[in-house]
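Look at the two complexes coming up: subunit A is in both, with subunit B in one and subunit C in the other.
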Partner chain A sequence: MANFELSTSVFTLSEIQRTDISPFDSVYLGDPFCRDYSKNLGENREDLKKAVELLRSNDKKVYVSSYSVPRNDDLDAAERLLSWCEELKVDAVEIHNFGTLRMAKNRHPGLKLFVGYLANVYTEPTVMKLKVFGASRIMGNYELSMEELETIKNNCNIDVELLIHGKMILGISETCLLKRRLEHKEDDCMDLCRRDFHLVSSKMFLRTFGRVTMSGKDVCMIEHLPEVIRRGFKVFRIESFAENRDYAGNVGRIYRKALEEATGGKDFNPYNYLPELQKISRSNLCNGYYFATSGQEYVTAGQRS
Partner chain B sequence: MNPAVPTKKPLLMVPAGSLKAAQAALREGADIFYAGIRGWSLRPTAFEIDETEFLKILKLTKFFGKKIFLTMNCFYRTDEIPAALALIEKMKNAGIDAVIASQPGLIREIHRRFPDLAINVSVQTSASNRQELEFYKELGASLVVLPRNFPELDPDHIKKLAGTGVGLEMFLVGDDSLNYDGRCYLSSYLNQKKIKDDTERKYCMMGSANRNGFCYLMCKRECEVMEPGGEIHRGHILRRGDLALFSKLKPLSDAGIEVVKIQGREFPAGMVKLIVRMTRRLIDSIDDDSSEKEYVRELEHLVRLKQVISANHLRLLAKSRSSFWRNIRPVIEKPWDNILTALWMAFPFYRELRWKKYLNEANKIDT
Partner chain C sequence: MRRKREKTELLAPGGSYEMARAAYDAGADSVYVGPVGWSRRRSFYELSDEDIKRVIDYAHEHGKLLRVAMNTLPSTWEISKGLQKIENFIKMGIDGIVLTDPGFINRVHTNFPGLEIHASVGCSAMNREEFKFYADMGIDVVTVPTELNIKELKQLQDDDACGVEILVHANRDFTYLGRCTMSSYFKHVWKKASDGKNHFHGSPNRGGLCWRVCKSQWCLTEKTNGRASEFGSPEDLGNVAFFLFEEVPDYMKMKVDCLKIQGREYTVPLVSDIVKFYRELMDACMEGQDPTSDPEWIKRREAMITRRDNERDTKTKELLNECGEIKTTTEPVTVGEN
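Moving on, here comes the complex of A and B:
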């Protein structure tokens, strides 16, 4: 049994069926950003049940992501999702909203709860408070540096999950930018976000996924895996939802191999993998905020030491 | 609603970005003032005041029996929290009425240490459902600011939030942000630097909207939308515009809004004075439909002036003449705005003093 956990997130049943999930230990199900995303697992009980069964038969852990910015009218749907999760006995629910967290704690005490990156967790007192509400794993805000995350992990004695590859979420809006841009007036969603729309300005290149704006560059931590492991992180996520169907499998396989080497005490050379990752990601790479720099910067291992 | 029952008048909360602005707002009848101390609130430091000025404002507002809230709404680092609490304690002894905070951890700590100090949950939390309001109430908060997004500020939506035991507050004048407040990291993605700070925070993450308040306002800059086929559409501004909900004041108060807030600690005193004067008149005549319309029109012109300021802001950030004209053109094309632009341009002292400072800050990191 490997001493790390590698996970990814998938939004619909058909995406799971066509994604190679073999490199992953666990999968987060459902789109936490938009309730209108068609066939969203978070809104569809039958699909969710099938997805859970499929993952269970593959011996994977199943987590469910709940909607990240529920307004008052969305609370019923959040409650419904929590009861499905309890019924299907999923391993945990990822929650980005403190209202949903409170509801889960009060009404579904049996559920294991994770707190997601959109909950804006920045400090230890906040994490301690969230632990009282039953959180057993957190994904700190992306803006936190690795040092800060390590301190939180050690002082609060909680699992901290890291995004090691994939695009970061840089903001969530209450309306769909794509629908707005195309002056799309009908209520039904045309699934515009499944196509590649980008926002380009003189200084930035961003991917827009309807209601969320994502970094144009992929966060890539392969060069820094030894440091990540030295700091004691064990739970890693690869974000692949806005990518093509082979992305998750290809990147997952590379990271599984790399992590096995790096944690197993074998010789680990990140440069065996870096060119392939560069090829897979259609844009440049960055390190996010892990080294207290701008999110779009890439720091090499040489610059760190 | 029974027309015989008069609408409960909401309290008016105004920015005290400087002593002058506070004096002006006081004269015009503001009920609550909010201000942050340099380094500790979400504003670029050029628009923040130091402790001495804050204490002067505090003395002034207390003398006239008004309330003052201390803004402590950054997402601090863990090691800054003791210093933040020490500052709150000092200001509590000086007489502040409430603290505006956004981190659950900090809110809990404040409530634990100073149980009699009221806590106002900042707009940065984007609290928009009953359960979330209950969450903050359990932490010890008594007033929550609703997010600045149009759909959230719909009276029907607010009615559903009323009655949890925490007071509801909203921005009447402000920016309508692209993303939910506190859920936008575009600025720090573009540029973020750890710089030494001369305040007690020691160093700050310049460029992060959540951690420092210095935002590059990416959503106000022009960008291009690239379609899947590679087709490019130019000239998009992501942000929708400004929030000016004067005409909705009555339905919003009926729905349960207790405090209306005006954004703009960076505004010159003269502008704060005008906005506060007219909003005060609007609140006082809340049940009188006839007088309302006249003020609303005037107020909307004022908000347009704010857009001119935003354009200036952009010009300074972009430091390019061409982008200035691109931003200013839509404003100049309208005659009313032309006059307002001229008015704004006629106050060079303010522009020189504050914007120059801001520009210096931008230069420090805009490599």
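Moving on, here comes the complex of A and C:
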């Protein structure tokens, strides 16, 4: 049994059906950014049920992501999703909103609760309070450094999940940028966000998914796996929802093998994997904020030692 | 149990001692200021502890209130430093504090139970369950996200879990405020000062300074089969300053706790005129009048919007110039474009 957990997130039934989930121990189901997207697993009980069954039959843990920015009118849907999760006996619900967390704690005491990266978790006192509300795993805000995350993990005695590869969410908006810019008037957004849209300025290159804006570069921590493991992190996410259909499987296989080597006391050479990850990523790589730099910078393992 | 206000409070910015004084003189009931390194503005618009003491003295001489904004999301390592700072401010006589981090809020509430705490707009508290969560933490009043509509504001006001504070002069960001790291993705420098305070230069959430990269010109492109096609002409992502007017009589009827003017980065004469405008508007509403269709009032507001937009455009250009191009450390081999 490996002493780490590797996870990814998938938003729709058709996407989970065509994703190679074999490298992963667990999968987060549902799009936490947009309630208007009709295929969102978080909005469709039957699709969610099928996705849960598919993961179970593959012996994977099942997590469900709830909508990250619910207004008052969205709370009934949040409650509905929590009920489905209870009924389908999922392994945990990922929550990005403190209101939804409070509801889950009070009304669904049987559910295991994780707190996601959009909840803006920055400090140890906050994590201690979130534990009182039932949180057993957190992802800090991406702006936290590796050192801060390690302090929180150790002092709060809680699982801290790290984005280990893939794009970071840099912001969530009230409305869809793609519908606005493309003057798309119909309610049905016709998979707009599934197309390969980017935002380009003289300063930066970003990926847009409509409601969320994402880093143009992929976070890549392959070179830093020894440090990550030395610091005691065990739960890792590969963010693949805005990528092509082969991305999750290809990147997942590389990290599964690399993590097995790096945690198993075997020789681990990240440079056996880095060129392939660069090829898959289609853009430059970065390390986010883990080393207290700008989010888009890349720091080599040599610079860390 | 939170203290109920008898009337709606007009809360104004204090980007300097002079601005705070001018805001009180123009009719603000209260002013908020940020201690250096702890509020959602760069240090130029923050105050030294000595200047905060001068503002407190001026406020109290004139029967007004002073609120201290320590609404950055701090580092875990500086929570105790923040608590010491707040204890010192309480000794100096502050009337309230503005915070964002839920755990920090709860520590402050536990240590100083009599201190009124406002939840910053950076919390993006947007639903009634979240208001209850912040009430659990010890919050008295929540500054609501600019996206909420009148129906939602009324629901939150009626629930009364926390008081409602509305931004009447501020800007609506491209993203929900407090949920954006575009600026620090572009350029972020973390420095530890000799007093142990962490400064996160370029992160609005953690250090205040935002490079406003959303205000540069962005082209939407789609990649298909390795080719990129552009849609429309480049434009900013949407970050619009507003100056609410027609809505104010409704807010006054609702008896919301607080109307807040943002703008520590504007000039003192402009802030003074904006405060005066809202003071007179609120007083008129309290006397049962509704001046929002009066051409004189409309003209006065439009003139101030022009001044405000000119100052804001200049500031945006300065920030975009200042942040320049990114200097990256060693990068792996470039694959694809960026």
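Going forward, the second predicted complex is superposed on the first by the 305 of 305 C-alpha atoms of A that agree within 3 Å, B and C clash if a C-alpha of one lies under 4 Å from a C-alpha of the other, contacts with A are read in each partner's own complex, and residues count from 1 in each chain.
Convention: contacts are C-beta pairs under 8 Å (C-beta built on N, C-alpha and C of every residue); 3 or more make two chains touch, one makes a residue touch a chain.
What you are looking at is a predicted structure, and each value in this text was computed from that prediction instead of being measured.
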Clash or fit (per the criteria above) of subunit B with subunit C on subunit A: clash
Subunit B versus subunit C as contact partner of A:301, first or second or both or neither: neither
Contacts of A:71 with subunit B and subunit C, given as first, second, both or neither: both
Touched partner set for A:204, first subunit B, second subunit C, both or neither: both
Touching partner for A:54 - first (subunit B), second (subunit C), both, neither: neither
Touched partner set for A:103, first subunit B, second subunit C, both or neither: both
Residues of subunit A touched, compared between subunit B and subunit C (which is higher): C
Partner chain(s) touched by A:229 [first = subunit B, second = subunit C, both, neither]: neither
Touching both subunit B and subunit C, residues of subunit A: 69-72, 74-75, 97-103, 118, 120, 122-130, 141-143, 148, 151-152, 155, 168, 170-174, 177, 181, 195-201, 203-204, 206, 208, 213, 215, 289, 292-296
Subunit A to subunit B touching residues, read off their complex: 69-75, 97-103, 118, 120, 122-130, 141-143, 148, 151-152, 155, 168-175, 177, 181, 195-201, 203-204, 206, 208, 213, 215, 289, 292-296
Interface residues, subunit A side, partner subunit C - complex: 69-72, 74-75, 97-103, 118, 120, 122-130, 133, 141-143, 145, 148, 151-152, 155, 168, 170-174, 177-178, 181-182, 195-206, 208, 213, 215-217, 220, 274-275, 278-279, 281-285, 289, 292-300, 303
List of subunit C residues in touch with subunit A within their complex: 73-77, 79, 101-104, 106-107, 123-134, 136-137, 147-148, 152, 155-156, 174-176, 178-182, 184-190, 200, 202-203, 205-206, 213, 216-224, 228, 231-232, 234, 237, 320, 323, 325-326, 328-338
Residue ranges of subunit B touching subunit A (in the complex, touch as defined): 75-78, 81, 102-106, 108-109, 124-136, 138-139, 147, 149, 151-152, 157, 160-161, 178-180, 182-186, 188-194, 205, 207-208, 210-211, 218, 221-228, 232-233, 236, 238
